[in-house]
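The structure's right below; bear with me while I get my questions together.
By written order: A, B, C, D and E. Residues from 1 in each chain.
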Amino acid sequence: MKGKKRLRRKLPGRPLKREMQSLTRTIGQPPGTLLHIGEQKTGSALITVFGYDEAHEFHCTVNSLSECMAWKEWPGVLWINIDGLHDVTLIEEAGRLYNIHPLTQEDILHTGQRPKIEDFEGYLFLVLRTLEVDPASAEITEEQLSMVIGKNYVLTFQEKPGDMFQAVRERIKSPGTGIRKRRADYLAYALIDAVVDSYFLILEELESHIELLDQELFAASGHDTFQSIYGLKKELILLRKSVRPMREIINSISRDHYKVIDDAATWPFFRDVYDNVILIIETIETYRDIVIGMYDTWLAIVNNRMNEIMKVLTTIATIFMPLSFMAGVYGMNFRSMPGLEWQWGFYALLGVMGLIVAGMLVFFRTRKWF
Amino acid sequence: MKGKKRLRRKLPGRPLKREMQSLTRTIGQPPGTLLHIGEQKTGSALITVFGYDEAHEFHCTVNSLSECMAWKEWPGVLWINIDGLHDVTLIEEAGRLYNIHPLTQEDILHTGQRPKIEDFEGYLFLVLRTLEVDPASAEITEEQLSMVIGKNYVLTFQEKPGDMFQAVRERIKSPGTGIRKRRADYLAYALIDAVVDSYFLILEELESHIELLDQELFAASGHDTFQSIYGLKKELILLRKSVRPMREIINSISRDHYKVIDDAATWPFFRDVYDNVILIIETIETYRDIVIGMYDTWLAIVNNRMNEIMKVLTTIATIFMPLSFMAGVYGMNFRSMPGLEWQWGFYALLGVMGLIVAGMLVFFRTRKWF
Amino acid sequence: MKGKKRLRRKLPGRPLKREMQSLTRTIGQPPGTLLHIGEQKTGSALITVFGYDEAHEFHCTVNSLSECMAWKEWPGVLWINIDGLHDVTLIEEAGRLYNIHPLTQEDILHTGQRPKIEDFEGYLFLVLRTLEVDPASAEITEEQLSMVIGKNYVLTFQEKPGDMFQAVRERIKSPGTGIRKRRADYLAYALIDAVVDSYFLILEELESHIELLDQELFAASGHDTFQSIYGLKKELILLRKSVRPMREIINSISRDHYKVIDDAATWPFFRDVYDNVILIIETIETYRDIVIGMYDTWLAIVNNRMNEIMKVLTTIATIFMPLSFMAGVYGMNFRSMPGLEWQWGFYALLGVMGLIVAGMLVFFRTRKWF
Amino acid sequence: MKGKKRLRRKLPGRPLKREMQSLTRTIGQPPGTLLHIGEQKTGSALITVFGYDEAHEFHCTVNSLSECMAWKEWPGVLWINIDGLHDVTLIEEAGRLYNIHPLTQEDILHTGQRPKIEDFEGYLFLVLRTLEVDPASAEITEEQLSMVIGKNYVLTFQEKPGDMFQAVRERIKSPGTGIRKRRADYLAYALIDAVVDSYFLILEELESHIELLDQELFAASGHDTFQSIYGLKKELILLRKSVRPMREIINSISRDHYKVIDDAATWPFFRDVYDNVILIIETIETYRDIVIGMYDTWLAIVNNRMNEIMKVLTTIATIFMPLSFMAGVYGMNFRSMPGLEWQWGFYALLGVMGLIVAGMLVFFRTRKWF
Amino acid sequence: MKGKKRLRRKLPGRPLKREMQSLTRTIGQPPGTLLHIGEQKTGSALITVFGYDEAHEFHCTVNSLSECMAWKEWPGVLWINIDGLHDVTLIEEAGRLYNIHPLTQEDILHTGQRPKIEDFEGYLFLVLRTLEVDPASAEITEEQLSMVIGKNYVLTFQEKPGDMFQAVRERIKSPGTGIRKRRADYLAYALIDAVVDSYFLILEELESHIELLDQELFAASGHDTFQSIYGLKKELILLRKSVRPMREIINSISRDHYKVIDDAATWPFFRDVYDNVILIIETIETYRDIVIGMYDTWLAIVNNRMNEIMKVLTTIATIFMPLSFMAGVYGMNFRSMPGLEWQWGFYALLGVMGLIVAGMLVFFRTRKWF
């Protein structure tokens, strides 16, 4: 009980479910069938458009992509973010406007994809997983973020609005920031960086629980402690599954020389993201090893405690069983028993019992039971 | 008992058997000997023929390959599916018609093969494993699907009819679908995709069990729980064995530039299958880690429960053994014992006993036993 | 007891011994020293000679290699099999006749080698491990099979005669079989294939034990069960050690283009062996994972059973200790005790005891002890 | 208690904390934002400047980089060490002077980086982790050491002053040492070598604890022992995380031919560091395996001890329960019981009891309980 | 007790110590500082010189290298073996004579190196680890063997004399042996081969213990058994650490075409050593897996035995507690109790008790407790 109370906040975690369930719903459909997979998570789709170059910037929020028709002519960088995927026609429209392959459109809608990078004619397609903790319920929501990177535009697709990209939006709005001076590939970097930063937030949450567990492990090893260990282990496994493919994605950006990425200018920034991804993966592995060590320790402590309890039981039984037997012997009703009539018989027997107890205690001491 | 009842359906699983047994039956035979390995699983072989191009389509079901002689001249795509392998002459006939190497014919009949891809003069030979759950018995049947991919035909061989390819058949029958516009390599892709989709169905079944176990783990940790954990672990191991070689097969399709596969047009689709295979493999690994964590947790809970039981036992013994001893002492028949004649002796002794119990309870409280 | 009886036959296994012991006997000898390592396993060396081409075939069994001098001129394929290595001069003679390097001769005699492939001037040298189960004792014998593959001959060396190659001999004797139409490299393939087939036989034996264990695990988890698990684990470890190097050997045949192997014609057959080796290795790994899962399960069952036993003990002790104490109290000899004189005192006390038992049972029921 | 006392000194360790916490503080900042991450660990920044060539040497300690302006013209090797990173302007100033990329400046200040090597225009940037044990508290402090290696200068940045580089300073001060004859790359080597040497010191500390644990394991396996095992395991995991990236860094120096490193002259020295890093990594792995073995052993010993305790309890209970029962039987108040009136009844019963005890002891002996 | 006695000899092992301690003694020294690390293990350094070619041979033992000046002109193969490294001037002298790099000299003296191979101008430098078992104490001594291989000489450096190279010396002395006909690279091979052979001796020792443990595991699973398992595991870990780098060293000899090694002539011999090293490494891995399986088995046996003990205890308690209670009830002093006055009351009660015992036994039988 106490163990739990002392933890600052609830261990973040996510329910184990629905991933496959949603993927199996498309079985039997021809490839390229547009069908949104997953629950509808937001009321109506929300489209946020940002256009900027070094000198100018505009942004607005619309409900239908046709309203943003005019912006297609914008010569600077364009970022269109679509929150809400249940409106399939919206995706189809975006697909027509930006010449997006049907398979890409399908991947945008099937939100159970593994993070990946795919090169298509005219654009680069990325699938990432974003992670957010709901501070109230401590539940982790994992979403798919699809990103289409063109020569001068970036399209992002999410199931529901999140505030992960707030800082990027602020930087776009402020004139003179680095992002205003650069191209769409830098915008893509900034967004990917924001996604990777969100992993740090999850890790920090888990870290604070690991730290507390580490301190409390030898003090209070109740049921709660173990439930925390199990939860941490599970969460680290799921986290690793989401983060690990990122390594290969960013590696591919550096290795495969995609047309829409300007290697010389933007690679130092991607290398920075890469370092962060490696740091996250190694930290997850390190924490897993530590949490496994905690489990072993918990088990050892429980075993040790059992040992202590058994020692108490055995000590008590070993002392009182012979004594009770002796009392039982002198409680028998035989007519002729030695000592019963003797005046000091009772005290003599108590003395013998005292000697036996002393002997037992010496025996236990030599066995180091206390 | 209850743990099991709450699971929506029986854990799908398969008996551990017969794999090697069937393979050893051919030992000593020269290579290329045609001999069907495995039980006969269907009455008489069933041959389903589909022929189509963009404009036309025909299909029918025959019992003997000679009836489909006429179709050999069909210029479009031809798909011949043979269910039932016990009729060895049928395979020989197909071998003659399509110029199939004796070793390939042997592999089609020896249904215990590891999934593989082999390039032969004029065709590509694939061995896949299909998995189907019988909804009634929850038993998983693993079958070998052999596929011969030629320039304009696909031959598939199975031991017994399944409904895995139903959706593909529907798409072929509907004019205007993508499959009608493409060649045999796309048909091969569609069939492989259907096989991979069937793995998702198994995974979904297992996932729903893992989810339930995860919720119930700390509540009901009886024998059933553990049996489920063991079953899940075993099934994930067997599943991994079936799925893992798929990775290398599809990798090989992309890497080795087989003549019968039109790389440019069909590769994006195979890449899609590849992503699915990777997702399945990683999900299996993740689930294995989680199920191993569940086993550890189960053991820890049982240990903890043992601890609780021991505490109860020790508390009871530690309280009543000294009391019983004292009662025994005053039940002895010594003539001269102090207090027996005293009017309040009985109550005084009860008081002393009460003090001892109180002391014990304080002792246990300091040891945090309750 | 019963667990064991139900297993169809004894678990095949081999004693853990003598491997290093024999290798250390040659320490200090200059390389190329011919000294047979290992016990003498057969009376006198037995030489079997097979010569054949498509039209002719002859074979005979001699005791000295000089008797087979005449056959050296045979233009077709020649297979000389030598059983029994204690006669060092025999090996030396063969070495002279076929120009075998002293290090190869040494390796033939030192029968504790790891499977390997080595290319020498004029021949290819292979070391394989054969495995045979003695059906009576269920003991697995592991032997070294050395193979020298020349342009038109194959020499095989074993410590004692085995019947592994019986099927190959039959095929050579029958005119018209594939082996008669091909060259020495195909003969080598046929022999290697026979060796790999022998692994399947071992695996099938182990598989039938694993299957039985899997069925019985939750029913009868006695000492025998565990001994079987331990034996299976050990045997799978040793099996893996023997089989794993085979992968690399056959890989090398395909990759390194040895002069004595006709790649185009024989490689499809070696690829077949390769598939089998991979299947065996993966099956061993899968079985190991399953057997490890069985061990965990066994431990969990034992723990669970201990829990049950402890519950019985605790229930009994918790019920009878307070009752015995109360009986003890009313067995004391105080002059003045309440209720002793009361007519219904005895029955009242029994009633109180009954209430206590009922309370205990309710307590245990809430803790779900039955 | 005793177990701990016998350990020469406290197990060195570090608290599990704050790593991620500090990294998440920069989330949302544009790249290149200079903001010191981590606590301020020293009063005011301290700058130590060393300049030398074979003939001359000077050094001094200043508080502001502008005071060292004059030294920029120094033609020999220049080493500027800055302790204390909270003064962001200092880093900016150094950045301007030596043309350091904003991302490098950011990395210098964000002190939670993974060790890495990055090639920039004109200099090589290294991030290392230094480890120091505070002898009093036995706490390990892990710091980030950033190193900028130019053609003839080395800049090092640390959060607080340490005495790791004392020996290097001494060697610079002494005329005629190797370091005076060589260039800046050799100085970089000497500093990296000093960092790697500091890992040896930690390892030696851990080694002495492992050695003691190994000796005491079977003698005193109390709670302390286990806490030491847990601490060692955790520390080895964290140590590995710090050291492992070093391997790849030094590998990169040898492989990537950086401009500022003179391969021919300095590589033999880096190879030496590389050998040390490999030795450290392998030693960590070996110790981890040994410590894991110790954990298993500890658990086994506790289990064994429990067994011993249970044997004592069972022996006592098995002997005295039947005896007490017999005494209880002859304490019953039935009017008619056989033997009560017999003169030798009491002794006869004691005799029977003696026989029972003897029988029990024989029974336990056959079960090898003592 | 008995378990240990039956082992033929003491388990060979080595104390866990001093490795790092000695390496940290050089921290702060400039590279190339000559300082002997480790204890002085022999009285005064002993130099053994062997010179030979096919026709001639001479050898002698001196105390100072200057005495062997004359031999420098020897045109054949020269082998100088130096036992004892505490005399630093000796190493310096050898260094001058044979032009040995200061870093090599340092590595010779710092005897805690990892096995490695380094190519220097004019010679090849190898560090190997030799292992010897002291038959009396069963303690394994691990020494560093440094080897400098020149065009026509081999220098070897050891801390104390060993008899590992006795067989090589004998072969050099005998005219006509292979070693006399070959060059210095063959001598180097012969020495490395002798080192690898010494690993076989250790493995054989360990093997005999594993074999015995395997036989005794199910019979006698006392404390000794476990201590042996722990010792074996530790020794296998340390052994692997010493042997594993050998693989890479010999691989490097074949791959890197060192000038002092005549590839064509000597490589077949090195390949032989390579096969042995691989065999040793795989055997170590196999033994580790087996020993881990033994640990699990030991734990399972202990658990099982605990189960047996608990069954005895529970059976006894469950039988005698109700009986004692009944006896206690009829020992109470109530005036009015039914049956006390009845003539057959005592026997009736005994009968009831008998029935209870019978019922209990049936209950235990159904639970399969015996």
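The rule is simple: a residue touches a chain if its C-beta (ideal position, glycine included) is under 8 Å from a C-beta of that chain, and two chains touch if they have at least 3 such contacts.
Everything quoted here is computed from the prediction, not taken from an experiment.
Looking at chain A and chain E, the chains in contact with each of them are D. The distance from the centre of chain A to the centre of chain B, with each centre set as the mean of the Cα atoms, comes to 26 Å.
Centre-to-centre spacing of chain B and chain E amounts to 42 Å, using the average Cα coordinate of each chain. Each of the following residues of chain C touches two or more other chains: 299, 303, 306, 310, 313, 317, 321, 324, 328, 331-333, 337. The chains touch one another in a closed ring; read from chain B in the direction of chain C, their sequence is B, C, E, D, A.
For chain E in complex with chain D, the touching residues are 15-17, 19-21, 23-24, 27-32, 101, 103, 112-114, 116, 118, 223, 226-227, 230, 233-234, 237-238, 241, 295, 298-299, 302-303, 305-306, 309-310, 312-313, 316-317, 320-321, 323-324, 327-328, 330-333, 337, 339-341, 343-346, 349-350. Only residues 166-167, 170-171, 177-179, 190, 193-194, 197, 200-201, 203-204, 207-208, 210-211, 214, 217-218, 268-269, 271-272, 275, 278-279, 282-283, 286, 289-290, 293, 296-297, 299-301, 303-304, 306-307, 310-311, 313-314, 317-318, 321-322, 324-325, 328-329, 331-338 of chain A touch chain D when the two sit together in their complex.
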